[in-house]
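As written, the chain order gives the labels A, B, C and D, with residue 1 at the start of each chain.
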Amino acid sequence: MSLGVNFIYGIMKVINWAMGEFFMVGAYVQYLLIVLFLGVRYWYIGVFIAALSTFFLGAFVQKILIKPMFIGIIEEKTEYATIVTIALAILFRNLAILIGGPYIYTPPDYAPPTHIGPLPLSGNNFIAFIGTIVILAFFFYFLKKTWIGKAFQAVSQNRTGVLTAGIDVLKFDTIAFGIGTALAGAGGALLAPVLLVYPLCGVIPTVRGFEIIVIGGLGSIPGVFIAGLSLGIAESLGAAFINPSFIDIYGFGLLMLILLIKPYGLFGKPERSV
Amino acid sequence: MISAMLKVEQVTSGYVEGIDILTDVSLEIGDGMITGMIGPNGAGKSTLLKVIFAFLNPRQGKILFEGQEIQNYLPSQLKWMGMSYVPQGFSIFPQLTVEDNLLLGAWIFRRNKKLLEQRLKEVYEFFPLLRERRKEKATYLSGGFLRMLCIGKEIITKPKLLLIDEPSEGLAPKIVKEIYNFLLKVKEQGTTIFLVDQNIMKALEVSDYMYLLEMGQIKQRGPKEEFEEHIREIIRDSLISR
Amino acid sequence: MVKVKLTYLVSTLFLLIALVLPIFLTDYWIYALTITYYYVVMAVTWNLLGGYTGQFSLSHHTFAVIGSYTSALLIIQTGMPLWTGMLSSWIFNAIISVLLGILCLRMRGIYLALTTWAFAEIVKTYIRMDFEFTGGDRGLKTALFFKTINPLPYYYLFLGFAVLTIIVIALIMHSRIGYYLRAIRNDEVAAQTMGVNIVRWKVFAFMAASVFASIAGTLYGHFTGLISPVSGEFYEMALIIIFVVIGGMRSQAGPVVGAVSVRFLAEILKKWPEVRMVILAAVVILIMRFFNGGIMEFVRRVVQRAKRGERREPVSAYERKE
Amino acid sequence: MNSERHPLLTIENLVKDFGGLRAVNNVSLNLTEGEIHGLIGPNGSGKTTMINLVTGIYKIDHGAIYFFGNRIDGLQPNIIAGKGIMRTFQISRVFKDMTVLENMMVPALSQKQSMAEARKRSEELLEFALLTRLKDEPAKNLSGGQNMLLQIVRGFMNKDLRLYLLDEPFAGVHQVIKGVILRTIKKMNEEKGITFMVVSHELTTIQYLCHQISVLHRGEMIAQGTMEAVANDPQVIDAYLGG
């Protein structure tokens, strides 16, 4: 989830506040697929289709709303991007309520509860964990090895260099946005049985995602992992020593602390202003 | 007159509306030659290259590449038509390896594996030093190496016309000499070069035809010999131009 | 100048209507209008921060929540009289807003939004979790301001406060401070080289907006009689942004017009809350993308065209001059 | 006034590094009151960096800057502006959404001048710079040249203006506007004794306008003196040859 937001920011320097809603769309698509067509055994196909559908949704949104930012029509970029993506989030949320109703849908479990050694583990969490690893592995293979992956890295490192190489940057922005949303969609599909499917199911992951991104530093892919770890530690430490019920607050506290010291996050790169 | 590969006719352009960095500039780049352009900084040399390679659309005037009007084309289209551009500074990707940088330079024929292998081999012959360090990340290379990589990345597509902006900027004299020898070798392979440079001495050595651009207008033009004798006077005149 | 007289005329007219209105309205609509005035204050003050000074803060609603909770808790825990409770909560809020303002000084754009968002989430989560003290999700009963539940006195209280806020903000914007804030939004570095002490004025904008928000929050708390963490939700912040964007971001009347019209629309569509939100969100997107000025820009163009005839099509804030 | 003893501006072996690259290397320079000083040099020679150092936007690594004998390096830009040192930017940074008149008012108001007085002086200066008809136009609707003129004239609103640093005031500006800019600088220098430091590539204009010239090359001061002396200095020619 935070990988998706960071990937988009790396390429286009835009924060997508509606990421949670793509997560939710992914969850809904997955739920419908399993209940209507696939059945629980082929859940992985569902995840793939959910990712695909959020890819096209993301690409479509990028084309009409975000692309004009890069053709110079829009001047105050950050303000525009923030307001538009927030409005988008509300739009999707309420559409979901309209279509799916405010109810909570529980997709059947992907796998029966198993346990590793003494640890009892619900099937879904296990699947979700494995699924995330697979997606991440695929994403990194794609980024490091394939042509398009390398081109994406290039775009985030030197936009002029990409232009001279004859790569159509604007097309890549659309694809990048699509991939970012697809990552969120896949996350939604994977965690559907864990977080259940309802209009606001995207909110919690968004909160988590943003915490990790800001701590890790905007635009840096390695930052995501270290931040995820440090967040986990901060929360467990806080829960153990201070008060377990304030678990969320430690995440935010850490976030504000880091922003105070390094206003660009641990690994973020400051943009030179003058 | 040798057929001109690139013609620029009465181009006026600038970044900010109302400020024209180039006013009514016309020039030709002869086939198979190195055409140099010198002039004090801020005269608009880099802006001209950006206009030719469609980073910037001109307010007026036309640009003809092999007789075809290209001023409203996209950089990616120009690349297909066989034009490459080495911009000022570094147009490479620091976190990628040398080889990846070169491969990305050949983005337009990435599907044609055979041609790709062959062109990569050619660039390595051209810049043997790059082959040794091809697996290293570009960020660890020195200035001279990076410049070679920038040029390598653009000539891998064997362009008909190569635009180069300030190749010697920020490099030690010894390496500067090597860079200009490479330019001569690129010319021998049949690529026409349009060289924009602050380094007047080096540009004179290497170019066949010269232009002097000052405050957005062509002040003088002519074959190299004409420029060579009284270059020092040209500079002093431009310093105290009466 | 003609323009100034026009705005005085129109605003006094609206004020008269607002004063007379309650006589014709049912209690329900009076209640609804009072809430609207609360949102007018929130929109106008956020416009000072997010619109004029370019400090895109996402914790504006949080200061209202802190305002309402601090004063309620002070009164319940220490039994102090209503006024001292409210007053001390405002002072407490001013201090917090100055601290947060200093914290956000060096940040720009996205990072400022993220930090303020984090601050909002911290406050909301704290209130929800620490239920022995704050009553958590059950909410907290608060002392009523006028000891009656009839909305009429509150109507005039909120109307008065809204008018006061609009006037104060307008005074600020017309004074030299207004020039500093707009200069900071346009180009901080240039403003600094022109002698503007950007540190002082950025923190000032933050504090001013937040104090007003906290006052509004306290009044709201003592009006509804029950406050809950729901008002700390991100949804509330989004609502304020919707009011300002639809009304017209960088204009004085924009947020007021935006808040009133959107609240009115919301009341009509009371029965289908989701449809209402979908329409509002869609309208915001359309306005941002194609026609950035909101209602006030539209009004300004119509007035300009009427006054000057077809002299020149004024360019809205975002479209580039072709 | 203690300005007689101390020169207006003294810069002593100034150094500024940007991550390994030494942009300004041990530069010293003195400006006497009432002088128009030209600062020239090929690209990337550190001219703009010098202005940013004097006006406090960049912090200096070492060396010192004195204004009338007291140190100003390390002060915030707005404090330096208050002392009477203003500057313009290569790409003119006007307040886009504010009208031309409002742009003019900002520096005056930040010096605690009353609104009425600031408005009156703004109108006078706009009159002088032939910008009055654009008074109520938002700055973003102005042409590049007009914006540069506005940016320059705005600096004169600072009542105790003593030193004005102009960064490429003529680059690509239309002839008519360039004439107005030159006239304004000459008038302000002669009538109000304001000292100028002008950074530019346009050597003809520099020669016409400036009494003294300094030449920077790769962050070092390589020549100082009148235009004729500097132009015949072999080192300067080599610098321009790209040595």
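Convention: a residue touches a chain if its C-beta (ideal position, glycine included) is under 8 Å from a C-beta of that chain, and two chains touch if they have at least 3 such contacts.
This structure is a prediction, so every number in the text was calculated from the model and none was measured.
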item	value
Where chain B and chain C overlap in contact partners, by chain label	A, D
Pair of chains with maximal C-beta contact number	A-C
Chain whose Cα centroid lies at the greatest distance from that of chain A	D
Chain A and chain C, separation of their C-alpha mean positions in angstrom	31
Whole-Å gap separating chain A and chain D, where each centre is the average of the chain's CA atoms	48
Length of the line joining the C-alpha centres of chain C and chain D, rounded to whole Å	42
Shared interface positions of chain A, touching two or more other chains	75, 274
Per-residue multi-chain contacts in chain C, two or more chains	189, 317, 321
Multi-chain contact residues (two or more partners), chain D	57, 96
Residues of chain B touching chain A in the complex	53, 55, 74-76, 78-80, 84-87, 90-96, 100, 103-105, 107-108, 110, 153-154, 157
Residues of chain C defined as touching chain A within the complex	50, 54, 56, 103, 106-111, 113-115, 117-119, 121-122, 125-126, 129-130, 189, 234-235, 238, 241-242, 245, 273-275, 277-278, 280-282, 284-285, 288-289, 317-320
Chain D contact footprint on chain B (complex, rising order)	14, 16-21, 40-43, 168-170, 197-202, 215-216, 231-232, 235-236, 238-241
Chain C-facing residues of chain D, complex	55, 57, 76-78, 81-82, 86-87, 89, 93-98, 102, 105-107, 109-111, 115, 138, 140-141, 154, 158
Residue ranges of chain A touching chain B (in the complex, touch as defined)	147, 150-151, 153-154, 157-158, 160-168
